[in-house]
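After this come two complexes, each holding chain A, first together with chain B and then together with chain C.
This part shows the complex of A and B:
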């Protein structure tokens, strides 16, 4: 019987799932991914999480509960830092503890510390520590990781081409990639890619014949170059990505609008969304809107805002087109 | 026979209907309280409007807006269903063509809409919190035992300023109670509340936005002259409150319906007799998957006409007419 490893379909799943799944599978483990977020998962998560946590963390708890009786281990690494001098939201550092103390009957957790703040020197040590749960063979672990990393890079290169995790997960490679009107959707990956908690925002936008671009479609260098222009280094990895993308989108003529999806009570977003909004208002005239999600299931609020936002984009477009013909009329050359 | 267009705005607090003739003149307006029962409210509104307009009219088109716009559209057979922001923008442009800023405060929503060169250029809506909207004012008026209509005039009588916290409705209420216990005048407290609301609105929605005159103030709360004055004080410019400020959403819906019908050629309106139809709603929790969607079934004269609320579409997409035959 192979060892069964559970991976919750939440938080950084959408960023790292190829890496994690291939790594464990290469080692001969059977990987079980929790079901897609649904009402039951959210209800269970909300019931068992500390009250102050944000919605994505509550959803994560629900996914862990969804897995707990199906697997031998649940993979909940302590993600502290993945890039030099950068951090991930502090809630990720305490995630294994939060799970252990809130969900008393979940005990077999792979909670290896992932911390590359100073350097990636301890990368090998980290992956061996994780791999040890499955096998003792160090060479096999290294080989498994190397292959998994290739898969991970392939996944990210697909996203650079404009595919989104939902397309890749659903094997839907042809859905509306090149609509003329492009909007940039900003936010943490677990907010924008979870179709339940985001109220299906990506499909809704595509339904209005808009191409949806996220941080993942941009080259890391482009993001970094733009993020460098800030007065001070943005030390949150995801905050940096979002800000870099926003600054890029402000200047890109093809982008017709910028939407920021944030979860209520997010500490990082309270800073980043504010900087993004101020920057956009100060030095660009692109439409921008901030949408906030939380536990509510009534979609009227988000639908109204999206509809009005799209109306505004179309209206502006029509107006600009009219204007140019108008000018031609006034100044015939 | 008079030809008219109808605009319907079903909001959280009020349900409004506007009847407009082909030359964009307003023939009649109606403002009633939704009281949490949008279907009954809309039926009631149609009974009243039917009585008032008599029989010598022909409805050429109907538009719906507001948070209950989809429900209203199914009940009436609307030609166009539009969000409140676009509807308010269209209505304001019709009254003041060079309007640059719209302040709209309704029952649960508040919005700021910026317009440049006659198009909606930017907007913002309050986020998850409804502090500083009409329903909060209603509650305070009730608590103080003052009719909401007199709220604004009382604020104008204030002589010395009293500061009330405006960021959160709960803080505002406790602040008001404290100031009452300290013995401040009611007028001063009410004025403080009006100023707090204007301050909070501009901090929250106006953040980073260039608010340029002409400024229009519309929505139910625009009837409150105290808040109008508070905005004028902070912004330092004159604020226009249009004659039909409380039904501007419905006016927008009317204008949009007129344009829509000009394109399609024919209205889908089911007729004023819908006031006599019976409407029922049944809802159930679907048990086909763990999402447990709350599905709503809508019946007109005991006939199922629409279903919604499911995420997967397996209920909503069923041809309701076919299904209907099966049920019968």
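This part shows the complex of A and C:
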């Protein structure tokens, strides 16, 4: 019987799922992905974490609980750093510990440390450490990783074409409507792509005939160039991507509006969203809105704000140069 | 060039000593007050952690007094503190202030840049002069830390009420009035001698509590509503696990030599947390374990609201508490913290510790 490996559908799943799933499958393991986020998962997560944790971390706990009895191992790597001199959020570094001590009955965690802060030299060691849970054959592990990496690159090149993870996950490869009106959706991948916690924001925006661009659709060089204009290097990998995208969106003529989706209590967003907002307000005239979600968010409130935002974009298109002079209505009868 | 810097505990005294020795003019921000916090909260991002808000308030008050250069320490993550300087720059820019922010750090390990920044604020390129002034001011800092430690340790035992408080106040006044490290060291030596001789009643039934958590909230008594004094008044001896002196010598001396004094703490934290996850999360866990080994009655963890590293250690606390048999209270602080509720929680915790101790004593006598 093949070994069953569980992968929680949360946090960096949306960034790396192709890589992780194909790696374990190439090694002959059976991969079980947790269900899509739903009320039960969120409730269970909220119950088992400290109140102060942010929504994505709570959701992650819920997903782990969802997998707990279905698999032999749960893949919860300690993601410290994926790029040189960069970090991911501190909570990611302590995630395996949080899981171990908050969910006492969860055993058999693959909690390999992924840390490329100093260099990528230990990449092979890291892969072998993870692969060892499934097989002892080092060559097979290396081969499995090579293939998985190809899949991962293919996934990212699909995203560069404008497909979003939700399209790819649902096998919805049909050309996404390429409307002229583009909005940039900023935020961490686990906030914007989780359709339950983000209240389907992508689908809602598309419903208004807007095409949605995220950090993943941009070329890495574009992001790097923009991010390098900051005085101090942004040391969070995802923060850097978001900031680079925001700076690009400010300048790009095709972008009609910028939305930042943040989760309450996110330490990174408190810094990044503030810098983004200040920069946009200072040197761009694009509409910007910050939406904050947590486990209590009501959908109606978010809907209203999205609607208002879209109205603002549409009115700008329609009435661009029609400034009302004294006692004259914008809308003639 | 008029230099200012954010407050953290009493460290403004050794910092002033350093710049006095170097002959650079400093503007010490007014003591942290409600106004400081209000100013900071008004202009800082809503969900940023408390230290930034108080720091920002400090700057704004100093700028009003004429400061034009802000000196802060930096870092490269993963905690938010590393990006404080950028957020603060953006805020001050939007507010229309033209100030220079000098961040003391070595970006991506660039020591040349670090030295350039140091010589910029020190107003000299003479490394020996800088080194000597730094050494003298660290002496001031260490002595001051020792004095503060003694205050927290001895206050619950003092026979003449307020004697130590008066001594402390007088010392701070003297230090504030003096210039340069030499004068300050003399004052400190004198005060250290006097505090040694304060009459104490060692027979009192006093509890022992260790303070762990995020460094700013542990050290800055304005942010933690002077928890040390409050606990002392309840008959509790207090020890702070972090001090600026330790931090600075760890950063400047031990780490740059590839050593660390904190290995013992990390060792204690190992069963729970193996790697550094930013901030002082690992030290929080390690020190809690060590306090329980040293026979402390309880531990209080302090952290600002939304502090990322401390949230990780906070979620380990229930297990640490059970496995090491030591009660832990986590207190989260932000600009909304009310003194009444805070005091009630401290009182309840101290009551719990006292009951626990008495129960233990009875059990011993019965067996």
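Definition applied: the second predicted complex is superposed on the first by the 316 of 333 C-alpha atoms of A that agree within 3 Å, B and C clash if a C-alpha of one lies under 4 Å from a C-alpha of the other, contacts with A are read in each partner's own complex, and residues count from 1 in each chain.
As a working rule, contacts are C-beta pairs under 8 Å (C-beta built on N, C-alpha and C of every residue); 3 or more make two chains touch, one makes a residue touch a chain.
Note that this is a predicted model, so its numbers are computed, not measured.
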| item | value |
| --- | --- |
| Which superposed partner A:294 touches (first chain B, second chain C, both, neither) | first |
| Which of chain B and chain C A:237 touches, first, second, both or neither | neither |
| Touch count on chain A, higher of chain B and chain C | C |
| Contacts of A:284 with chain B and chain C, given as first, second, both or neither | neither |
| First, second, both or neither for A:307, with chain B first and chain C second | first |
| First, second, both or neither for A:264, with chain B first and chain C second | both |
| Which superposed partner A:122 touches (first chain B, second chain C, both, neither) | neither |
| Partner chain in contact with A:135 - chain B first, chain C second, else both or neither | neither |
| Which superposed partner A:39 touches (first chain B, second chain C, both, neither) | first |
| Footprint overlap on chain A, comparing chain B with chain C | 264, 278, 282 |
| Interfacial residue positions of chain A with respect to chain B in the complex | 35, 38-41, 196, 200, 264, 277-278, 281-282, 285, 287-290, 292, 294, 296-297, 300-301, 303-305, 307-309, 311-312, 315-316, 319 |
| Chain C residues within the chain A interface of the complex | 45-49, 74, 76-80, 82-83, 85-87, 89-91, 94, 103, 107-108, 272-273, 275-279, 281, 305-309, 311-316, 318-319, 332 |
| Of chain A, residues touching chain C in the complex | 49-50, 52-54, 78, 80, 85-91, 93-94, 97-98, 101-102, 113, 115, 230-236, 264-271, 273-275, 278-279, 282 |
| Of all residues in chain B, those that touch chain A in their complex | 67, 82-86, 117-125, 127-128, 207-209, 289-294, 311 |
